[in-house]
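Presented sequentially are two complexes of chain A, the first with chain B as partner and the second with chain C.
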Partner chain A sequence: MKMMSEPKTVLIIDDDSDYVRAIQALLESSGYKVRSASNGRDGLQLAKTLEPDLVLLDVMMSERTEGFFVLQEMRRIPALTDTPVIVVSSIYSDEPAFRVDPEAGWLPASLFLAKPMEPARLLAEAKRLTTKPSDSSAVAAGGRSL
Partner chain B sequence: MKILKMAKRDLDLFASVLPAFGEVYAPVQRGEGFAFEKPSLWSDVRMNYTRTMLPPKKLLLPPRETTFSFNPDSGFKDLVAEASKPMVLFAVHAYDIYGLNILDRVFAQAKFPDPYYIARRKATAVVGVDFVPDDKHTAGSMNADFVDHGFDLFLSDIGEDYLVLVGTSRGDDMVVMSGCLMQQPTEADFIEYKKRSQTRRAAYKTRLELEDLPEILEMEYHSKVWDEFGSKCLSCGSCSMVCPTCYCFDIGDEVELGSRAGRRVRSWDSCLLKTHALVAGGENFRGARSSRVKFRFYHKQRGFVAEYGRPSCVGCGRCVAVCPAQINIITVIETIRGERDGNASGATASS
Partner chain C sequence: MPISEQDNVIFVIDDDEIIRRSCEQILQKSGYRVETFGNGYEGIERLKQVRPPLLVVDIKMPELDGFEVIKIVRNIDPDLVIVVITGYATIETAVDAMKMGAYDFIPKPFTPSELRLIIDRGCERWRLAKEAKLLRKQKAEVERKFVTLVSHQLKGPLGAVKQYLDVLLYTCHDQLPGETREWIIRSQARIAEMISLIQDWLMLAKLDRGALCDCGASSDLGQIVEGVLEEYRQLPSAAKIELSAEMAPGLAPACGDAVSLNMLVENLVSNAVKYNKPGGKVAVRAKADDEWITLEVRDTGVGIPPSFRSHLFEEFYRAKTTETQNIPGTGLGLVICKKIVDELGGSIEVDSKEGEYTIFTVRLPIAERRQEDQGIHGS
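Our next item is the complex of A and B:
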């Protein structure tokens, strides 16, 4: 008999409750277990407890660079060092002067997606990042992995 | 040296790219004081701090560090590679950068270079920031309120913006990586810088005269003043621990119980501690507290001048702030110069 695999856990850290509700519904309809936090400190605490399979992280929350700090802090925690993180933000459209190439290597994220994003792209990337190479051969192309 | 400017409101964005250059340490509030620590959020960082409780020395010459380990089975393991972890010291005052430059002379440029210190210093980026002196700062008198090297970037407050001095190619990389946050300064920015620089210099409440101090110290070597200060000193060593340029350390091997494996550990020491000059056989070259107090001041203000051409005090005011007996360098220098009564009770900074 084939064992059903455990649903993958996604943690959304974002202060936009409408966005969180929409993305949560999208991910849950695709079989993910979703938890959320509305600020960086709570998100970090939840990440330590949950050790999620994927984190969707906003940047501009109560502070403009909150997500960046959360990401740096996450990478200092051994259990979260390799957790895939998709930074989802509109920072570059809100802060045009800060148009740093996300590929420059300073952001220890798995992927950077600009808001608004295509739901299909998010699902494809979530599947790719939460699928271990040994789990399946269905690893989608695209995105940047560290 | 390249000079640029950056809007203060963009400092958070700038700080968010710094982790590309290493683990970021910045001044954050700890109780009533400040400390160089890893900030959890940008709002933790305090740009307008007076002084941190411990200088950035604590990160380059840790209070306690294992230099190597040994094991009869696996052999010797040098831990110098551990010291090469990239780090960014953010918002460091000029006198603390000056302090690092002095440690460089001792640990990197002297006869016996220290590989652990050198590895850390090379892997450490330094972003300086200017400060407004309080009544304990004497950096102006010590010529340590301005630095022309030892940093990658230096930020000077000019109101809505910071003037950014680029000191190294690594600093230039930081500028490039921060995208378009940096702009070319204008003539008006330079005028504002000069105005604020003058205001900052005038803000020192304490002035110390260092001219001919080494000679006066030579004359006062047997002065009773040292007995008076010695009778007050508690020999706690706090002044050395918080000093950005005190670098004495002790070395010992720690061997695991029931094993021949162990490690070599070095830890901060202080010339104020009674055991500092204690040698085998029980002889103590500075057994009296007065001789230890005297030694510290002579080393800072006389011995270092003879060796390196300047005192090793940078005027940060930390020793003034922490001494439980309220012995302070300002009182000591003024007393030894004969500018105040020869009693060690005066602890208040003169203006």
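Our next item is the complex of A and C:
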């Protein structure tokens, strides 16, 4: 279990390197530790080893539904089932039509944000999603807002 | 009854049997199929099932005269080419008929070749007009597809640039000299304009594809209006403006899904706020009668000069006067409104007095009524 004094880690999975740079700088300036991957496969690998406190995932990278599948796969990994995920997109301005089927036992993403996003908003949501009660078995605060 | 377009059928409406017979014989020899009718009513009824390219109609008939037939028929099929038969070859009646929409006239008595010549020319005109219409439609589709493609491609890069600027301003705000900050803010604004334009454009493309409005759905307009007004009351740009709603109690549900109707109301309210004067008002009213819901968005703003009004619903049209030239906007907001309204089977109109007010009046079908009309079709 992470100690409260350790910085929270954010994993960004996104193929737009400019976007990654900008958001990484923003999150780091607020004290987060940030790692990134530019495709789904590397992203999943990194997620397994890192067990981040938050994931920022682009829904569409090189392929139409790449982000969606990454999310599915992530949820299959026991350590990552509860990880807060912010799904982002530059193409969609509202939440994209596909959703992970809750019946299938996968948890949906925690939030959708359209790119480009307001820095203050991202930081507020990141804080909300990564702040959990110290009891590790409790459900993440803020829960599922979808 | 399915409506079939048959490009070699000619309709002849004349109370004189001899004229009907001779037209039939003459034109059949030229390879046309001919349907004849002794009075206007019969011809009009048949027109609802078959769309011929051309109608020959006598001006002087006992029951429904030629002028009346022309009036009715042009509403049913605006593409129909009409040739009138005039009895006394008086120029006046012929000219009157053409002013009403007839393509040509043929004076009695006429020779077979005179008739054939006029009919052939009329049919050719019909064919060319149809072709031109199709080409225009295809051209518009190609243009729209192209711009949509480009817009998609632009969205990513523009988003990335804005993201850099947003983060830059947020993280380095206090370290930057005033003017640098100002330049960044201006850059953000210009990019936001572009992103807005792209979003509006993509929305229009979606509307055109029919992928947006759901005519089978019904929505509570009252809720939608309140939602939009609440949102706008929070905006700094609407700080000095009074936003109010007067919804008739127990308003029937409107035809359309919440997303489209929200967009419609939002665009109208956005304009009403943008083009208003400080201390001005925006009032939204809605009431319903048996068939329609009438929604009115009224502002006490700068108004729209009469010359601009006919262009208001055109793409990228911005009514620019000295007062309004600095107001940001994509010029697509009203086009989007019009398309949504058209798609839902309603109408939109504007009334305005320069320097005083502008009122947009939208009529939308009531949801239950629409479903009744569609019968089994339903939702």
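Here is the rule we go by: the second predicted complex is superposed on the first by the 112 of 146 C-alpha atoms of A that agree within 3 Å, B and C clash if a C-alpha of one lies under 4 Å from a C-alpha of the other, contacts with A are read in each partner's own complex, and residues count from 1 in each chain.
Rule of thumb we're sticking to: contacts are C-beta pairs under 8 Å (C-beta built on N, C-alpha and C of every residue); 3 or more make two chains touch, one makes a residue touch a chain.
A quick note: this is a predicted structure, and the numbers were derived from the prediction, not measured.
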item: Partner chain(s) touched by A:P119 [first = chain B, second = chain C, both, neither]; value: second
item: Touching partner for A:S29 - first (chain B), second (chain C), both, neither; value: second
item: Partner chain in contact with A:D18 - chain B first, chain C second, else both or neither; value: second
item: Partner chain in contact with A:F68 - chain B first, chain C second, else both or neither; value: first
item: Chain B versus chain C as contact partner of A:I77, first or second or both or neither; value: neither
item: Which of chain B and chain C A:R41 touches, first, second, both or neither; value: first
item: Residue numbers on chain C that touch chain A, as the complex places them; value: 152, 155-156, 159-164, 166-167, 169-171, 195, 199
item: Contacting residues of chain A [partner chain B, same complex]; value: 40-41, 44, 63-66, 68-69, 72-73, 76, 95, 97-100, 104-106, 108
item: Chain B residues within the chain A interface of the complex; value: 10, 12-13, 15-17, 19-20, 23-24, 38-43, 177-181
item: Contact set on chain A toward chain C in their complex; value: 16, 18-19, 21-23, 25-26, 29, 90-91, 93, 115-120
